[in-house]
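In the part that follows, the structures are each spelled out as structure tokens.
Shared between the two complexes below is chain A, which pairs with chain B and chain C, respectively.
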Partner chain A sequence: MINMQTGEQDGVKILTLSGRLDGDGSIRLHDRINEEIDYDKDSLLLDMSEVEYISSAGLRVLILAARTIKNEFGLCNLTSMVREVFAMTKLDSAFFIYDDIGAAIQSMSD
Partner chain B sequence: MKRKSLLTSGMGILALLVGTAAYAGIDSETKYVFDTFAFLVYGFLVMWMAAGFTMLEAGSVRVKSTGVICFKNLGLYAIAGIMFFLFGYNLMYVDVSGWIGSFTLGVGPTEAEIALLQAESATPEMVDAVVSNGYASMSDWFFQMVFVATTASIVSGALAERVKIWPFFAFIAVLTGLIYPVVGAWTWGGGWLSERGFSDFAGSTIVHSTGGWAALAGAILLGPRHGKFRDDGTVLPTPASNIPLVTLGVFILWLGWFGFNGGSQLKLGSAADATWMAVIFVNTNLAACGGVLAATITARLMHGRVNLQLVLNGAISGLVSITAAPTLLNMEFAILVGVIGGVLCTVGMHLLEKFRVDDVVGAIPAHLIAGIWGTIAAAIFGGANIGAQLLGIFAIGAFVMATSFGVWLILKLTTGIRVSESDENLGQDLVELGMEAYPEFMTLSEGDIQEAIRHKESKLASKSKPENE
Partner chain C sequence: MRQFVEIAAFIEQFCQAESVAGEDASRILVSVEEVFTNTVSYGFKDDSEHWIAIELKKDRDALEVEIVDDGIPYDPLTEAPEPDLSASLEDRQIGGLGVHMFKYYMDDLSYSHDGIFNRLKMTLKLDQVAP
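Up next is the complex of A and B:
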């Protein structure tokens, strides 16, 4: 189960996620991004501080978002589980990853 | 008249000419039991081929589409079963007048059978009334139904990974409720093609080419998987995600084929029928063996090394090739039929790629091309009339291609038939089922990851913006 909350700071849309990015959670995230984000205009930051688990499905959704969002797409507050998965798959070099919301907004809102 | 081999009738005539005293055979009720038993047992062997197709396809697609291909196979079997119950069987076998059978709805046991089943104690008259039909009517329905499911299974493999679930099921309903039954009525239902002498023992053309044509029409209108054929003329390799699963699928199909061809003798209640079945089993086996070896050698010659997926498809094409005439008494010909099938299939796979038709499991070469070859082989080696065989191949091909193309086109213009590019990227399992087939495994390919990294690098380069990690 995944919970998502939408926010916005300095022109960057923020989705705060909590729960599991498994098959069901991932497609819900994908649908939510589809609903909320204008791929041509918006910047999106995912706050991952409460993400307990990410499967291949979750990674696919993140990769697709990175490819389709023309503006900035960033991730922040990665839990150790998510960090480990990114390191194992070398996907840490595929995303813009920030330590926290402050650092992310500073970089993304430029 | 249902399926009947030319050779069987030929042997009957020979016996009459020799003029020996007719052998009475076993009593009619025992015969009824054996013939019914054969329909049921061979029928469930053919039903099991649905599992074979499912495994073959589930192992052939990329893992992100595995769940959906399993669902499609289960769904198509269910739809085929219901459509053939509601319309298909009656259109194919009941009161066929040349082109098409009856438009009555549903099937059930005969009046005589119901009377026997409901009687407190059966009378000899009641038993005779049932036995005179030769076999239990529902056993025949079951045996014929599992064949239509095979036709439908062929389509799902070719169109895997990009055809939407609901339009696919809609097509399957038309294929199993209308297109296949009409084709079947022309020959097995006693229609115009059988009157012209067209011979297709267990359905090289009627079952396999029909599925192949329907798949080809769909594949053309659907287009290839995204990125499969690149602008520079190269082809994106999409290797099978699970080779043991594909191999298991092929072995299940091979096993099921003994029911498919053996059961198409339609009778087991005499020494002659049992002997025919044994001949059919051995021919079926020999052709598959020939297909495997031929595909092995052809792939080695064409590509410099053995390609296991081609070899696995070689087995299928050997089996499809012998299906029109598994009654050959010169059994070495069965090997030859399978060998040529295996070669044609391997070359056909190559040709399809040349024409940029994306057939995920190679169903079109294995079922359509090998099916056409098998139907011609029935004339070359099995004594069928070559003109009638060609007429059948062309008539059925034209009818199935035209109707399938029409149905796919209507679906394309109304509901759309393929998933969006981004949905294809995510995989159908996630988009249409919200699940993963292997949730505990890392299923991203090296290519997916590298492309994601490349994308970030190009974004960085275009913005020349420093990363803050």
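Up next is the complex of A and C:
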């Protein structure tokens, strides 16, 4: 199960996620990004403060998003379990990861 | 994918009943999800019915998971591709990340094949939780 809320701040689209980024959740996230994001124009920030679970399916969706979004793509408010996954897969240096929304928007907006 | 939702519920219920801490339950869930997904995606090469059995056993300070399936013989511990963790985002292969994850989380992993079934055993040493 995953819940997603869209928002926007300073020209950056924000998707607030809540639940599990497992096989099912990742498909839903992928579909939602497809529906709402213009891959050529938009910047996207994922607020992960309520995501305590991520499997390799979740990593796949994030990697795909990072590859296809031409503008900025960032993650913020990672929980400790998700941080652990990013560290063990050495993806922590591959993504733009911010401590909070404020820091993310400051960096990502024009 | 849909079947995994039921499996996840089963594992969660077990962990709750056995007072397994949330983060440990998540580690077990992710590990089983990775093995299950790989088996369903790659282990069954024909259209006949197949099955996967998942058994959970809890000791005082450890939880053992055994996953048995009747798919093609495959040992994820030695046969899965090693992911290149130094590759850039553009070059990253997703394959292998799942195996990497459950090998990281779980202790005491072992695989055997008895002529018919793949058997994968993994144990998680549990963090002590105050009752």
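Descriptive notes on the structure:
Simple rule for what comes next: the second predicted complex is superposed on the first by the 110 of 110 C-alpha atoms of A that agree within 3 Å, B and C clash if a C-alpha of one lies under 4 Å from a C-alpha of the other, contacts with A are read in each partner's own complex, and residues count from 1 in each chain.
Everything that follows uses one rule, which is that a contact is a pair of C-beta atoms (placed from the backbone, for glycine too) under 8 Å apart; a residue touches a chain by one contact, two chains touch by 3 or more.
All figures in this text were calculated on a predicted structure; none of them were measured in a lab.
Legend: residue contacts after superposition of the two complexes on their common chain; A:Asp24 is shown touching both chain B and chain C. In the superposition on chain A, contact is made by A:Met81 with chain C only, not with chain B.
The partner that reaches more residues of chain A, of the two candidates chain B and chain C, is B.
By the touch criterion stated above, A:Ala57 is placed in contact with chain B and with chain C alike. When the two structures are aligned on the shared chain, A:Tyr98 is found in touch with chain B, with no touch to chain C.
Of the two partner chains placed by superposition, chain B and chain C are both touched by A:Thr89.
In the superposition on chain A, A:Gln106 makes contact with chain B only, while chain C stays out of contact range. When both complexes are overlaid on chain A, the residue A:Arg32 reaches neither chain B nor chain C. Once both structures are placed on chain A, chain A residues 22-24, 27, 55-57, 59-60, 63, 66-67, 88-91, 94-95 are touched by chain B and, in the other complex, by chain C. Residues 1-2, 4-5, 8, 22-23, 26, 29-30, 33-34, 37, 83, 85-86, 88-90, 92, 94, 97-98, 100-101, 104 of chain C are the ones touching chain A in the complex. The touching residues of chain A, when paired with chain B in their complex, are 22-24, 26-28, 30, 55-57, 59-61, 63-64, 66-68, 88-91, 93-99, 103-104, 106-107, 110. Residue ranges on chain A touching chain C, taken from their complex, read 22-24, 27, 52-57, 59-60, 63, 66-67, 80-81, 85, 88-91, 94-95.
Note for the complex: chain B touches chain A at residues 64, 422, 425-427, 429-431, 433-436, 439-444, 448-449, 451-453, 455-456, 465, 467-469.
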